[in-house]
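Below are structures written as structure tokens.
One chain, subunit A, links the two complexes that follow: it is found with subunit B in the first and with subunit C in the second.
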Partner chain A sequence: MTRRVALGLAIVALAVAPAAAAPSGEVKIGLAAEPNTFDPHLTVGRNSQIFIVNVYDGLTARDAQGNLVPALAESWKRLTPTTWQFALRKGVKFHNGDDFNAESVKFTLDRATNPETKATISSELGTIASTEIVDSFTVNVITRTPDFLLPVRLGELFGLMLSPKHTNAVGKEAIATRPNGTGPFKLVTWSKNDQMVLESNESYWRGAPKVKKITVRPILEDAARIAALQAGEVDLITPIPYARIGELKRNDKLVIKTIAAPRVFHVTIDVRKPPFDNVKVRQALNYGVDVNAIVKSLYFGYGTRLATVVDKGALGYDPSVPPYPFDPNKAKALLAEAGFPNGFETEFDSFTGSIADHAKPAEAIVGYLQKVGVKVKQNVFEFAAFGPRRVQNRTAPLFIYSIGNAYLEPSWVIRWLTQGGLGMHYKNARLDEMLTRIEATDDRIKRAQQYSDVQKLIKDEAPFIFLFQADAVFGMSNRIDYTPRPDETQWLYPLALRG
Partner chain B sequence: MRAYIAARLATAILVVLGVSAVSFFLTFLTGDPAEIMLPPGATAAQITKFRAEWGFDDPLPVQYWRFLHRAVQGDFGISLRHGQSSLPLIAARLPATLQLTVTAMLLAIALAVPLGVLAATHRGGKIDLLAMGVALFGQSVPNFWLAIMMILLFAVSWGVLPTSGRGGWAHVVMPATAIAINLTALLTRLVRTAVIEVLAEDYVRTARGKGLRELFVLGRHAVPNALIPLVTVIGLQFGYILGGAVVIETIFTWPGVGLFTIQAILNRDYPVVQASVFILATAVVLINLAVDLVYVWLDPRIRVA
Partner chain C sequence: MTGRVEQWGSASVSRTLPSFGLTRLARLARRSALATVGGVIVGLVIVAALAAPLLATTDPIDQDLTVVLKPPFWLEDGSLRHPLGTDHLGRDVYSRLIYGARISLTISALAALIGAAVGVAAGLVAGYLGGRMDAVIMRIVDLNLAFPLILLSLAVVALLGANLRNLVIVMAITTWMIYARVVRGLSLALREQEFVHAIRALGAHDARIIARHVLPNVFAPVVVIWTLEVARVILMESALSFLGLGVPPPTPTWGRMLAEGRDYLTVAGWISIFPGIAIMVTVLGINFLGDGLRDLLDPRLRGQM
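What follows is the complex of A and B.
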């Protein structure tokens, strides 16, 4: 009797245990853009990098809150300033059954850094000098200069691991459409601009995903993408124009989720050129623009006013540093103090056709600047035509731009924004020194604390007109459960069907 | 006749070459793919290095010569974005575009011919007014607007047609209609005018005078003669139809050449742009040639000098 009860309980336990549930069902997704390739070294654009991770894994990953967590590496440590050691996870297999080990890591990083690969992501892995196999599950990555960000770089965007055997066997062209990763999903079919079918990897090392089949359709036009969600053709879409959110929220079959994306909008000021070499002028520009009103009207409130160029999801974001308040009188007073009581003339570059809308906020900013007496001529370029202007340092004294903080690390963003090229010429020895100290600190918590002073300094120096970060918007049917990630990654592993 | 075709083919080659040269220089003069291809965190030095690796920093004539040298061998290069050979990429999308454009064209002809004939035979009457109203609507409505309105009505509100994408014939209905609408309007007006003119001809009066039934007069004498200019216009319009397909394919994410090309242009994926321009220009030139030959065949009075 007791045995029978025990057996019965065991059966019930098996039936209800979620871990034992095999993947089931299908979810259809409509995306504005699909990846250009599944070759992780030739990805073009954030849309590709944030998606293909579903088929691969990096050495590291992010959790739902954006914290760095182990993935194919179980742990890592810096042995010397230029040597990182990664202890790899054992028992992981690629989709075709190949074993993941130290050889896979060396092969992948050698391929990524080999000039013959012409890797589009080489700029992100440029510090890597070599990779050494210590034993089957330990590798040392040696960098040219100390690189505190290496474990983050070798994460889901730029550190996806390839199987040496498969990659060599299929060749460079075929790897684009026939990936073999260790990730939660396998690519079954892909017809570009048409549809892509992913199937769950039931032997995934984190446990099988909950959904068996995912069909991804690129639906480029906003109206058509929203229509597909409304008509029930797809269960999940992104992005959604802010103007449509209200209407979709009233539909009780749909759920709209927004999350602050790490894209930081700002106006770069050419500090070398008078009158912008005067800090009072730069501060005046910051007082003169009503960023809250821009967020409210252009983004329907789905954005966050930022005090500096550090986004709120970034390590060490300090909410106690207040943004410049909108104060046109103060702006005029500062301009007068700087010797421009009647303002001055300048130019402002903006562009269309990039991943995010820059032209509309630019127009609003120009309008505000006019009101405090700065006579601004706005130029609008097509994005591909604006690129060479930046490379050749021919940008106007003011230009709008945005940078996605892929690593959620302020130092990475600030180093890029102060690189002395691409139209960005602000330099500050104290800031440099502070960042160098931060970059020598491997402990995240200790690093986070030091960023507070960095934000205060940048705000006072005002080498940019500080703007905002906009929300990413996801629409889904109420038959699915999905939580967007704060780092833009379209990580489908936790996706589940309700009920 | 053979000499005529040979001369036309020679011109066709020159046209395709010219179009590809113009598009090559235009895409180059308006931007560079390096910044688009690299992650946003790339520095100026990394961009410069990347441009050198890919040969984007070579002088334009050098790059054009490299392109031409390969193109004559049918090799348009590897797509910068897709990492695959660009001509097969475009060729694989041609059937989707042809399905859409040919359907649109047939739809336009099927609507315009009866509508135009009816309008001509009921000149000044209610049917004429209706037909001309339809034509005016068709000519003035922007096809992208019509496309989105159709999606809202037929796919979202009524749920009778799929919103976008390519699948069965139900998927073709809305995009083909959106492309056909302007052409239908143009052809209706054309057919109406041509039939009115032909109906005033002496031979039609003779036919009527012989006591032939009106339907026979129309079917045997008037309409076939009125359709000759229609053939020319349809041939000329094919280029416009392909142009319209670019917009409509984008709205409906129809996986054809148009959508692929527009993405390639925005991304400055030169090899794909070149392959696409080559294929589209060739298609337009060949169809125009075919139309001219049909024209000669339809109207024996047209002889080549």
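What follows is the complex of A and C.
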């Protein structure tokens, strides 16, 4: 990790040096999906949210290491437990020349929280009660309950700022394809499922991007995307199947970069249903699965075994909490202690067609469970069919899932995983209390320390089979320079041409 | 009197449906080398499927993540322990191939059989009764034919969930129309045959005439269609498995193996290549056999034999 960060820093340093030059050249990109819309309030799926940030800015942002940094807000502070004050950056203009100011922020947040907008991201901004303009470049955001995460929420995924004048003028439908942000790139043309052209915003407040034109093509099939990179039709692609990395690394015209993504894979256990109400059974399942072998053979080592559902890039990740070791005998012994010397029968839901491959690891996990005597029937759904099963709480007692820790904050992930719905039914009063205390702590360092106990508690309680986080893989031609971000965001600003 | 009529009926049966005697098979074999090849291939696949527990060297779903992506024995790093190599979960490709034959063949044969039963029944009723019944059934057939079959299967499997029973149903839905079409045409002609008129004049019920006199006469073409449809359904099962809508894992089927190997084509091609060959050879074999059967059963070609 440290080596990767060091490498990343070196590349950033190299890339930053000749920044004075005007934008030039073109870079072509092949992605597995394209956004469904450029309306930041109507995005569906993380695939959209991680891309449209290239046209917009949030009040806050993340740097290459994942630290929260100022963006359209220069600073922020908590005035009262439920009031956050943001001091806005001055002199920022939208692509069409409109000024960015407090009115833009109020307009955007009012639109996002207005039920008539039917915002798909409303759950992320649900704590916002109102937004007040203090002066042209200061706003107060009032939350219903204390929300320590608000500055993170108003970042690059859910806090993208709109121009009131433009948004009202073009109307709700047209904003989807005619965005007007403050971001590093302007959307020039977009023919859906074919290609999208972005052009650099030369008056960008961070300084103009180095590349003048970016063409983005959705190439759904992995093999086709890789072939396009090999043929030089595109300069940058993501994702890449792990099995192909070795082969591509041998090609000296290509550079392959991997970075730990904050997507935490886990198997949710329905703790309400016997025998899973017995903690020994849940621990047995954790002892029974060789996660290291899965990471090594299915992910070719491009992943990290996790002790809990807290990813290693998250605040307060405690490497001293060891993962469950692979010990099938211990698993069988625990099952016997729990009264199941011959195992038991159960079902396991998995799915295809989501942002990441869940079917393959699921099959391997089921294979391991069979070996310790748990007779598992595996169901495979199309992701679109699996969604309603979760909403209606009809999932099998075991199901695989992954959650992208967009906020890099364990409390957000754990709250989500213990929400009592969507098939997740684990509740623990002590855990809730610990999280509430953490959430009341504004100081990051102090918050980080308290997460150790949370991770120990969750590991012992084992309401999940703890798995791993998989690396994100980017392939690029050696004519470009790009450092991927550790938070899934496809942030293209640092993109540069070599030489 | 009745006896004589029955004779007519059975006479017409023997005219189009010869017995499957050994001598006739031998004659067929002499006549058509292709049909023999087809028969041998299909026979071998059936034997492999039936004797899977004896032929397989390991449990087809037993994973071992310490030996993933091992190549077949004749390549470097391969071993006879896994003669055709291992897949991404360290399962034995050879054993999965053998067991896969079971699932692929069973599903296809069953689906083709159910499709045939439904299609023949519909075709008989439509053709023999005619009139409004004919119109209604044939419009349903048209409707079904006008639907893109893969899309229909995708929709049904996505809605009902993927399991063995649903797959068989879905594939039966895509195959019954062909039988209905053919059988309707044949029974339309048979209805006007003299022997049928005679039986009707004697007061036989429609149901009895259809079952005892019309059905035997459409049997031969149905058998031929059935063999060709089995081949098509095997391909379709592969396609659905490939799209992730086949029999759920870890059950091995050829289509699923093909799909699973897709991500490893450049590093471990054997995961896909062997099931691919198996599908191709089996489908080819069934098609050869179907052609041979048509020759055997077609009365116009019989004289040449």
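One rule holds for everything that comes next: the second predicted complex is superposed on the first by the 480 of 499 C-alpha atoms of A that agree within 3 Å, B and C clash if a C-alpha of one lies under 4 Å from a C-alpha of the other, contacts with A are read in each partner's own complex, and residues count from 1 in each chain.
Methods note: a residue touches a chain if its C-beta (ideal position, glycine included) is under 8 Å from a C-beta of that chain, and two chains touch if they have at least 3 such contacts.
Being a predicted model, the structure only gives us computed values, none of them experimental.
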Subunit A residues touched - subunit C or subunit B, whichever exceeds: B
Contacts of A:353 with subunit B and subunit C, given as first, second, both or neither: both
Which superposed partner A:440 touches (first subunit B, second subunit C, both, neither): neither
Contacts of A:120 with subunit B and subunit C, given as first, second, both or neither: first
Which superposed partner A:64 touches (first subunit B, second subunit C, both, neither): neither
Subunit B versus subunit C as contact partner of A:223, first or second or both or neither: both
First (subunit B), second (subunit C), both or neither touched by A:45: first
First (subunit B), second (subunit C), both or neither touched by A:193: first
Partner chain in contact with A:387 - subunit B first, subunit C second, else both or neither: first
Which of subunit B and subunit C A:298 touches, first, second, both or neither: second
On subunit A, positions contacted by subunit B and by subunit C: 223, 353, 382, 384-385
Residue ranges of subunit A touching subunit B (in the complex, touch as defined): 36-37, 39, 42, 44-46, 49, 115, 118, 120-124, 126, 158, 172-173, 176-177, 191-195, 217-221, 223-225, 227-228, 230-231, 233, 353, 382-388, 390-391, 393, 403-404, 406, 412, 416, 419, 421-422
Subunit A contact footprint on subunit C (complex, rising order): 61-63, 65-66, 68-69, 88-90, 158-159, 161-162, 244-245, 248-250, 262-268
For the subunit B and subunit A complex, residues of the former touching the latter: 30-48, 50, 53-54, 78, 80-85, 89, 93, 148, 151-152, 155-156, 159, 162-166, 250-253, 255, 259-260, 263, 266-268
Subunit A residues touching subunit C - in the complex, by the definition given at the top: 222-223, 241, 243-244, 246-247, 290, 293-294, 296-298, 352-353, 359-360, 362-364, 366-368, 370, 377-382, 384-385
